[in-house]
Amino acid sequence: MSECTCHDKYSLDTLVPQIGIITDIRQETPDVKTFRVNAPEGGKLFEHMPGQCAMVCVPGVGEAMFSITSSPTNKEYQEFSIKKCGVLTDCLHSLEVGDQITVRGPYGNNFPVDTELKGKDLLFVAGGIGLAPLRSVINYVIDNRADYGTVDILYGSRSADDLVQLKEIQEVWCKTEGVNVHLTIDREQEGWDGHVGFVPSYLKELEFANDKTVLVCGPPIMIKFVLQGLKELGFENEQIYTTFELRMKCGIGKCGRCNIGSKYVCKDGPVFRYDQVEELPNEY
Amino acid sequence: MQELVNRAKELLADGTVSRVLGWKAGDMSYNPEPAYFNSAEELENFVYDGFCGANLSKYMIEASKLEGKTLVFLKPCDTYSFNQLIKEHRVDREKAYIIGVGCKGKLSVENIKAQGIKGIESIEGAGMNDGCDTLTIKTLYGDKTCSYNDAMLERCHVCKGKEHQISDEVMLESRDTKDAERFAQVEAIEAMTPEEKFAFFQKELSKCIRCNACRNVCPACSCRKCVFDSTKYDTAQKANVTSFEEKMFHIIRAFHVAGRCTDCGECSRVCPQGIPLHLFNRKFIKDIDTFYGEFQAGEDTESRGPLTNFTFDDVEPSIVGERG
Amino acid sequence: MYKIAKSNLPELYKAIAGSKELYLPLENAGQVNFGPWSEDCTPDIETLKSVKSPKDVFFPQSENLYTCQKEGKNIKIDPEKLKDQDFVVFGMKSCDVKGVEVLDKVFLADPIDTYYAARRDHGIIVAMACHEPEESCFCKVFGIDAADASSSIADVATWMIGEDLYWKPLTEKGEALTSELSGLLSSDGDENKVEEEKQAITAIINKLPYSDLSLEGWDGDHFEEKFNATNWEELYKPCLACGTCTFVCPTCQCYDIKDYNTGNGTQRYRCWDSCMYSDFTMMAHGNNRNSQMQRFRQRFMHKLVYFPTNNDGMYSCVGCGRCVEKCPASLNIVKVIKNFGGDK
Amino acid sequence: MSIENETFRPKIVAFCCNWCSYAGADLAGSSRLVYPADVKIIRVPCSCRVNPMFILRAFEKGADGVIMCGCHPGDCHYSTGNYYARRRMTLLFSMLDFIGVENGRTRVEWVSAAEGVKFSTTMNEFVEKITSLGPNVRLEDLRCRN
């Protein structure tokens, strides 16, 4: 940092990032990597809540909002699961352990883990890379197991190779008491003896009790049909939470990109309860 | 003007056209807007007078994608743009019913205001049946007058002529408005020293706010995605961070339309900062005329443009330095 | 009440510029815009409106945020120095001052935008009453008083009356500036003259064609009705999707953040952006406002519905009329309001 | 950062067509003909590939002079590419002159694969010309100056 102290006068300089060092990279699927990020002097860059996001940037290449996939209960580092799908993510995938990136955040609101979700039976529904934001909540819930009721995790992806965090799912989540994991893949595949079928149809097959609180994240088309399925099972909008993705630049509700109705997704979101979503104009 | 409305109603009624593209009266006497009319009732708001400067050819790109024919009113200079768009396959001739409308020179309210006239309540004398010598302007600060020619857009002083290059029928009389040489401004700049030229353009272009109005209004700028909207460049598309960028933008924009620009003058008309953008285009036109023979884009729908053509004995680029 | 002869204004500018940066309306190549004072500039305070609003004094069209340098694997971040010297903006009209108030709601809301906040902390606003308002003005609709900036966030209010400029400090900052300039300002300004001028201005404003626009129904309660109205389908048609309206507007605050590769580092800068541009909301998985109608609607819904919903009914339009004058297709917020029945 | 008052060494960008001029430069090199190291060659498939934006961008990023070399008219590998390039460059150079960029900062030269000598003399001449014109300040991006 420079010797200039003019920025210190203002409490939080949200547009100037911190430097993060990549301390571990896990190849989750052919196109998803999970990056572990620490502050250069060790430790975490900042504290966050489950569902919050951060702006990750490779200087000169680009900057984008990613959800923090590690749980706040992890006191050592932050993780981002990133799917390769553009200029920035291509570049991120080419980085190695020890490379530096810049990170600013955390931004946005979070899943209400300490309020509305407390004591509830939880149902997580995720598709593909949509597990990334939910993973942070799931691990938070597992680490504070006594505060919550039963946990059901319904997770699906295109194929068995595209399931993110499979190791953690099998070794931690499946073995935790009161946590039921339901995995599914879109098409039959050799070596897969689990369920085959789309997430929304599996959801209906499983016939979850409609007193659970649901957290959904995945591709828009999946969310659409999951919602229909939940409605059929008798779930109300007030029981369903989701998280949004929109183009963002500032992350602090000022640049105007993610403005939908009177809400800014980066500041008032990304987590919305479905009754709030219904009040927004149809521009998401 | 009423005859235009009547004719449009006829063509709508007999099913020749599905809609009319013209100008709708604004809430001030000087701000009519381009508009579509779908019925005889809507045509009650139709207006055509000296303030209807917008070149509707550009709107025909979108109109060509609609069902049925669109009746469009084109002024003589607009028809050049339309022809050029046909050449580039950006509009569909079959989807257009063109009424060539006469033109008596188009007005700019900026030119009126430049004479110190403010608080304009109404302007008389801009109609097609008026004499085109004086505008009578009622303002909050008293009644004023302004000569019609002084209020005219620059492009009308160097008018290309009263002939429509393409039309299905022609209505209303045009007027000779040309009273200046087309290349006089360009020649004046050419005569300057490099230092003076640089200072002149630096001053003018430093006003640019990169609003892209010149690009978006330009009938030749019909690319679906502009090179300046590409995320692949690190040059800002939205702000002039340094003075280089406005030069880059305007030179390249003029270059991309060189040989296709009909000199319709819309860029200069819409520039909120009054930058004489037509100078860039006209410089290219002048050079093309000098180096490769006279060429007027939009005169026809077939010929090859000068930059997609060549001869074996074209001048060498070194001519630029040699001519002094 | 202080006053100074208009003929002495060049001295006043010089005196201010002696100790502080001074921004004022300058004529350049036939157009008037706010810019920094220099020895050879041409101030023009007679022209009612600058082409661009003076918002760029506080929120520049482009500004550096920081510079990034890579040394091996290491990244070094050098934040841009914040404004740390006082500066004066001279000749802002009431609508433009209100525009800054609107920007404050955005940039000074938590989390604070430090770059903007530093400029606001150091800026001294000298407002000027509108001697001869024009037909495109409709500040009255938003409760702004073009005749008197006293109840705004300005630090000094001024009036141009005859051959004199009347000067009234409003805040501590304004008082301090006034005492610095005490050698040039005489303290015998006649309050009655200012009162007369105010009445004269108000009388003109009441006669302006747009002064009786009605904003009834433009609020959060009517959001769905407005959003789903079919009016938009017709209204947007002439729109060229340029950014003129947003760039001349005193309240538009959308911006873009970009990187520039200088050859030995990356400059992170932000620049104004326009919600009218087709790529404004473009991202990897698509565009959530992919038609011009949606983008057009967004701009006006934001100004007249979303912003007041979030800010106790304060509209994000100040009626300066710049879009009325500058839109290449003669579209503007007034036509939108009227189309929804606001001209009763 | 260079020391002030050090002799000005211009930065030159040369766009060379793959088939003639690049080979010409190669020949100049293998014949040990000397031309200043300040000339940075960018190989392009044909002179026609040179977009006017390339030239402006070179200036933006700090070039003091830009020269484009292609096959002699009539000898284009793609038969007509250089004829189009000739028209484009003529117009672009004329425009640069029009906005007040010093004459001579840009140049086009046709250099065949056999003309190693011509390549080297052209470059020597061009560097000399640009040196006499001094640094490019009218078409640079200030952010790149450091």
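By letter and in written order, the chains are A, B, C and D; residue numbering begins at 1 in each of them.
One rule holds in what follows: contacts are C-beta pairs under 8 Å (C-beta built on N, C-alpha and C of every residue); 3 or more make two chains touch, one makes a residue touch a chain.
Keep in mind that what you see is a predicted model, and the values were worked out from it rather than measured.
**Student:** Which chain has its C-alpha centroid farthest away from the centroid of chain D?
**Tutor:** Relative to chain D, the chain whose C-alpha centre sits farthest away is A.
**Student:** Could you put a whole-Å number on the gap between the CA centroids of chain B and chain C?
**Tutor:** So the centre of chain B lies 30 Å away from the centre of chain C.
**Student:** Taking the mean of the CA coordinates per chain, how far is chain B from chain D in Å?
**Tutor:** 36
**Student:** Hey, how far is the Cα centre of chain A from the one of chain C, in Å?
**Tutor:** 39
**Student:** Counting only Cα atoms for the centres, state how far chain C is from chain D in Å.
**Tutor:** That pair's centroid distance is 46 Å.
**Student:** Can you pull out the residues of chain D that are in contact with at least two other chains?
**Tutor:** Those would be 143.
**Student:** Return the residues of chain C touching two or more other chains; collapse runs of consecutive numbers into ranges.
**Tutor:** Only 256, 259-261, 273 qualify.
**Student:** Where in chain A do residues touch two or more of the other chains?
**Tutor:** 60
**Student:** Touching pairs of chains, which are they?
**Tutor:** Listed in label order, the chain pairs in contact are A-C, B-C, B-D, C-D.
**Student:** Given the complex with chain B, which residues does chain C contribute to the contact?
**Tutor:** Contacts found on chain C: 28-31, 33, 48, 51-52, 61-62, 132-135, 204, 207-209, 234, 237-238, 240-244, 246-248, 256, 258-261, 269, 271-274, 277-279, 324, 326, 328-331, 334-335, 338, 343.
**Student:** Please name which positions on chain B make contact with chain C in the complex.
**Tutor:** 26-28, 31-36, 54, 58-59, 114, 118-121, 139-141, 203-204, 206-207, 209-213, 215-217, 229, 231, 234-236, 238-241, 269-270, 272-275
**Student:** Which residues of chain A touch chain C once you look at their complex with the stated criterion?
**Tutor:** 1-2, 4, 6-7, 9-17, 19, 59-63, 85-86, 98-102, 220, 245-247, 249-250, 252-262, 281, 283-284
**Student:** Can you list the residues on chain D that touch chain B in the complex?
**Tutor:** By the definition above, chain D touches chain B via 52-53, 56-57, 59-60, 73-74, 80, 83-84, 86-104, 106-108, 138-143.
**Student:** Can you name the residues of chain C that touch chain A in the complex?
**Tutor:** 65-66, 68, 70, 73-75, 77-79, 81-82, 84, 106-107, 109, 111-115, 117-118, 220, 223, 227, 253-257, 259, 261, 266, 268, 270, 273, 275, 280-285, 288-289, 294, 298, 301-302, 305-307, 309-310
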